[in-house]
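Each of the next two complexes has chain A plus one other chain: chain B in the first, chain C in the second.
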Partner chain A sequence: MQILACFKVVPDLDQMPAGDWLVDDRFRVETGYVKNMLNPYDESALEITLRYADQARRGNLPLNLTALTIGSKQADTYLKTLYALRYDKAVRVASDRDIRFLPEIAAAVISEYAAEKNRADVLIMGMQSGVGDNAKTPLLTAEYLNWPCITGVVAIEPANNGTKNLLKVKSMVDSGILEQTVRPPLVLAVSNAPGTYLRVPTLKDKVEYGKKPVEVQEMDNFKTGLAAANTSGGCRLTGLKPINHRREGLIIDGETAAEKARILYHSYLRERLGKL
Partner chain B sequence: MASISREQIVENLVKLLDEEKVVTDEQVLKDSSVDRFRRYEEIHGFYTQPLPAAVVYAGSKEDVASILKFASEHSINVVPRTGDSATEGGLETAVEHSIVLDGSGMNEIISIDPYNMLATCQCGAPLQDLEDRLREQGYTTGHSPQSKPLAQLGGLVATRSIGQFSTLYGGIEDMVVGLEAVFPNGEITKIKNVPRRAAGPDIRHVIIGNEGALCYITEVTVKIYKYSPENNYLLGYTLDNMKTGFEILREVMVNGYRPSVARLYDEEDGSQHFSHFAEDKCVLILMAEGPKPLAEATGKAMEAIVEKYAECEKVDHRLIQVWFDNLNWDVSKVAEEREEIFATKNISNTTEIAATWDKIYDIYKVCVERIRTEIPDITLIGGHSSHSYLNGTNMYFVYFYNVVDCSPEEEISKYHLPIKRIIVEETIKAGGSMCHHHGVGKHRTPWIKDEYGSSYYILKTLKEAFDPEGIMNKGTIFPGE
Partner chain C sequence: MTYALVLNGCSKTYPDQAKALTGFRDAFLAGFPQGKTIIIFNEEEKKQSLINASATVLVELIKVERYQPETVLTALQNLEHESCRDFYLFPGDQAGSELSVRFASRMGGSSLANIYSLEAGAGSPVCRRAAYNNYLEAEFSLDRKPYCLSLQKGFSAHTGKEKPKPPEMKVIEHNAKELNSNKAGTGINGTGAPDDSFVLDYKYTESDETTNLESARFILAAGRGVKNRSGLEKVEKTAAAIGAEVGVSRPVAMNAWAPLSKLIGVSGHMTGPELCITAGISGAAAFYAGIEKSACIAAINTDPGAPIIRSSDLAIIDDYEPVLEELERLIMENKRIEGEDR
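What follows is the complex of A and B.
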């Protein structure tokens, strides 16, 4: 099984001071002062892939893991960590271009890499990232490849009977967790998967496996990607406005819990409930 | 140890205080039997320490006095607690049927006196609340430990806490003016607020840093300072070697400059914080503050010192400012860490030591090398210096490891204690101090006699004099039997 796990490095926006949320004349918010991190959904995808690998190796199932990202050299730290965690190949498509709002480009590059350079059976990535937040990349990638896509993925395992190239996929649906046994190729979009922080390599593993050079591919080599960039005009950013999340809070004073509940009901709830 | 049964202890406590102040809920008792030192066990639902008989919420110094007197009469171990942010096992209930005496309800900020530059608080006043109140009025305590959102005044004084601006304002021992404490025989003592006195030994130091092993701190008066962050002069640099960094810190200090912040990170520890601008580099941070002319002069002088070292490259100070603003640990960070530890089986711990300038680099180097080679499953070993003095500096070792092939109860003996042993033994061998600012707790007591040498006589005599029944926080500072 050839698995291609895709991820994005994003700024840790929780660290942004409130006063730094300023939009410049190119509709950008300066995030360069904060530490970067793995997009949390992608982090889950990378860890879910490793958990699959643990089981596949125990069952002697053939497996090859590739990690792919599009971005600047800053992503290499994460790619080296993935080498140390026993990904077989770590690839960066070098790009300084801001493609946060252009999922067509990301999807085109990923699909071209998967089909032509990696011959992947399974593509796995987070469903969306906080920056851009379009949630389109996995779906577009599946569309470009003409592969099925499972969304809401929380875990993958080798199929129970150990049949090669069959995959058990758990995904969140409205009624709960859906378990399906599927035959690749397919794209998996990972959603909120609890407890899937990326494991941490030991110093020994970093020395033994983490020193391999990151494979760097130039964006220019992805002709379909560039073509998509040129034709992509479905979405144009025309302005940015902060969403006002402020809420008012009030502390209810009262001698007892019953008195506080009475005040809450009479002063705030009764009228609202009456309108329901 | 206790001369009466667990049930009798609870019965008597209820008679002494209101029933609602005596808690015996099993989960509360379990959570109160440990502190952050045993969080790996606790996160996995394992509690290896004897459960206390009760957690008692004191509402006044008189409550504290009556509980301590009762505990003395019946040889019951008492573990004093306020903010519950201890890291070295000081809050573990090491013996059966202990009482955890919690002062977090005594949380009044009693007075802020800007004329005499004093603030007086009860032991359970959260430092964050005091600092917020002071800043509204243009003042600060100058105390900013990473635990500021969690810690309370009594515990900060009891553990000889230190904060991020200590190189200017000092540790908590430099900030405390007066104190009130209750001793095990129920004696309530108050040390008055005066700028200085030469009337015998400074008895504040019997109380500061006692870690609940001698007395219970009920009230604290600290100095306050004018707060003028608009004058802060913040500098950040990348560099290649820790040795160079220590030299710069020394040069700043011995030439008489008093930065508020003086921090030096090695590349491993720095990788957690500064990878977006200092990959594989050490990072040096200096900040001057205070009145504008003083802050500017100090800042420029420090800049001139660093400029002499070619390997230092200046970075945009906003990179440092944003990092600094996110440094402290609040409840949400603690919760997130717990989730991450549970999922990854990867945990971090720290040990902080201090030594003179001629020793510190060698201690740092040998400890990092030994831990790297001798301890299995290490994922990060590094450290930083964060508090400098005329004579030397501290080293805050930071280590992460994967807990592999052992049960949660074995984590401490397999990883944490062997690492601590290396750091403590190498430090004492070199003539440094094994504890810089977390306190001794319960897990550095095997080396307390080595730490003190012949002066252990003084320390031991304090325990014998003030806690003859040995009821105060058994196994903390002083080795358990």
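What follows is the complex of A and C.
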């Protein structure tokens, strides 16, 4: 099974001070001074893939894992960690283009890589990422490849002992879990998948596997990506501004926690609770 | 300009979908000629109630064996390819968001997911939605018809000018099998789109977790500050005693200290209680979106710089545990006194 897991490195936006949400005339926001992180949905996708790999290796099933990201050199640290976690190949499509609101480009590059360079059976990635919040990339990738897509994925495992290259996919649907045996190729989109924080590599694996060079591909070499760049998917960003979440924020003072609770209750909550 | 509302009648959330799409239609497409409603459904006995919830005179039903996105997409494509509408509106859940993007891609249109406003006049339509994890609002101009839009999760509109129910409805019934029998879906490159044959078997298990978060009038929300599962269990006990519904932020759900059904925020429940008390929650914007319709927010957090403090009406800077203990004691005492008075 050839699995291509795609991820994005994003700024930890929850660390941005409230007053620093400044948007310039090209709708850019300076986020470079906050630490970056794996997009949480992508992090789950990477870990779900590793859990599949654990099972596939135990069953001696053929397996090849590739991790792919689009972006700048800052992603290389994460790619090397993925090598240490036993991903076979770590690829970065180098680009400094502003594709925050152009998921069509990301989807075109991923689908071209999957079809022509990687021959992937399964593509897995997060459903959306903060910054653009487009919620389109896995869906468009499936459409560009003419592959089916399963959203809300929380786990994958080999099916039928892996003999027929089949997958068992668990996904959250409505208010339950859908478990399907499926035949690749297909695209899997991950959203909230509890308990799927990315594992930490051992020091031994870091030394043994984590030093392989990251494969860098230039985005200009992706012809479909460039063609897609000439369109905007029919949507043009025409404005970007901070959302005001501010309320009164009245701080209740007191000598002790219990005293503060009493003031809160007697002065503000009792009457309100009485009306419920 | 013409429009179609696309509803998933296979889902338990159908009434909420219908209400949200009707509200959006009334708020932003009120001047448009009467549109139509397309309802995907799988249970014959529910058909009439699904039709009754429709907001348009014309209703087109598509019967499916089960809700399977590839089947539904191809059926929609085959139904609409000859008389494509200008706007297609989809619900704000995972299925609606998926359909809007993939359907637009196949129809050569433009899509936006999670929108909460629309200006549709003579020029290009303009839509707004959140970006940057809900810290910013992004505005987009749409250039290609059909415009396929899914609503923000939990969208509700109270325009006060709801249209009266149509006097007589016109219902046309289709079957996905028949719609798709002669024509496969067409992918973006003109080649055949996938059907559901990649699924060899399936099993659906209904969750036994129930929650009333979206209709709750009093919520006690817990965050990373509860530290572990036993910390959350204490909060749950307090909530049960004081009559509050428990909700959690994403770190609590992701650590599996609470089921996903308790998650509040853009990827969970969008709530609107009379009172929301948050305990140990920093107040990331993606969480706050899920409680911002609260009439009153009281935050308890040790960090005076936490975003939730600025986004609350009332705040206590302290450990949440002794504050909740005292609140529980006071509320219980008040309940006892009220009980004696009766």
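Note that the second predicted complex is superposed on the first by the 239 of 276 C-alpha atoms of A that agree within 3 Å, B and C clash if a C-alpha of one lies under 4 Å from a C-alpha of the other, contacts with A are read in each partner's own complex, and residues count from 1 in each chain.
Criterion: a contact is a pair of C-beta atoms (placed from the backbone, for glycine too) under 8 Å apart; a residue touches a chain by one contact, two chains touch by 3 or more.
Since we're looking at a predicted model, the values are computed, not measured.
Comparing chain B with chain C, the partner in contact with more residues of chain A is C.
Contacts of A:Leu276 after superposition: chain C is touched, whereas chain B is not reached.
In the superposition on chain A, A:Gly249 contacts chain C only, with no contact to chain B.
With both structures placed on the common chain, the touch criterion links A:Val173 to chain C but leaves chain B unconnected.
Of the two partner chains, chain B is the only one touched by A:Val34; chain C is not.
After overlaying the two complexes on the shared chain, residue contacts for A:Tyr197 are found with chain B and with chain C alike. In the superposition on chain A, contact is made by A:Ala257 with chain C only, not with chain B. Once both structures are placed on chain A, chain A residues 14, 16, 195-197 are touched by chain B and, in the other complex, by chain C. Those residues of chain C that touch chain A in the complex are listed here as 11-13, 67, 69-70, 93-95, 97-98, 101-102, 104-106, 109-114, 126, 128-144, 187-189, 191-194, 196, 198-207, 217-218, 243, 250, 253-256, 259-261, 263, 267-268, 274-275, 282, 284-286, 288, 292, 296-298, 304, 307, 309-319, 322-327, 330-331, 334. Across the complex, chain B is touched by residues 14-17, 20, 32-36, 74, 77, 195-204 of chain A. Against chain A, in their complex, chain B makes its touches with residues 271, 273-276, 279, 316, 318-319, 321-323, 325-326, 339-340, 342-344, 346, 372, 377-381, 400-402.
The part of chain A that touches chain C in the complex is made up of residues 13-14, 16, 18, 21, 23, 29, 40, 101, 130-136, 139-140, 142-144, 146-149, 151-152, 166, 172-184, 186, 191-192, 194-197, 232-243, 245-252, 256-258, 260-262, 264-266, 268-270, 272-273, 275-276.
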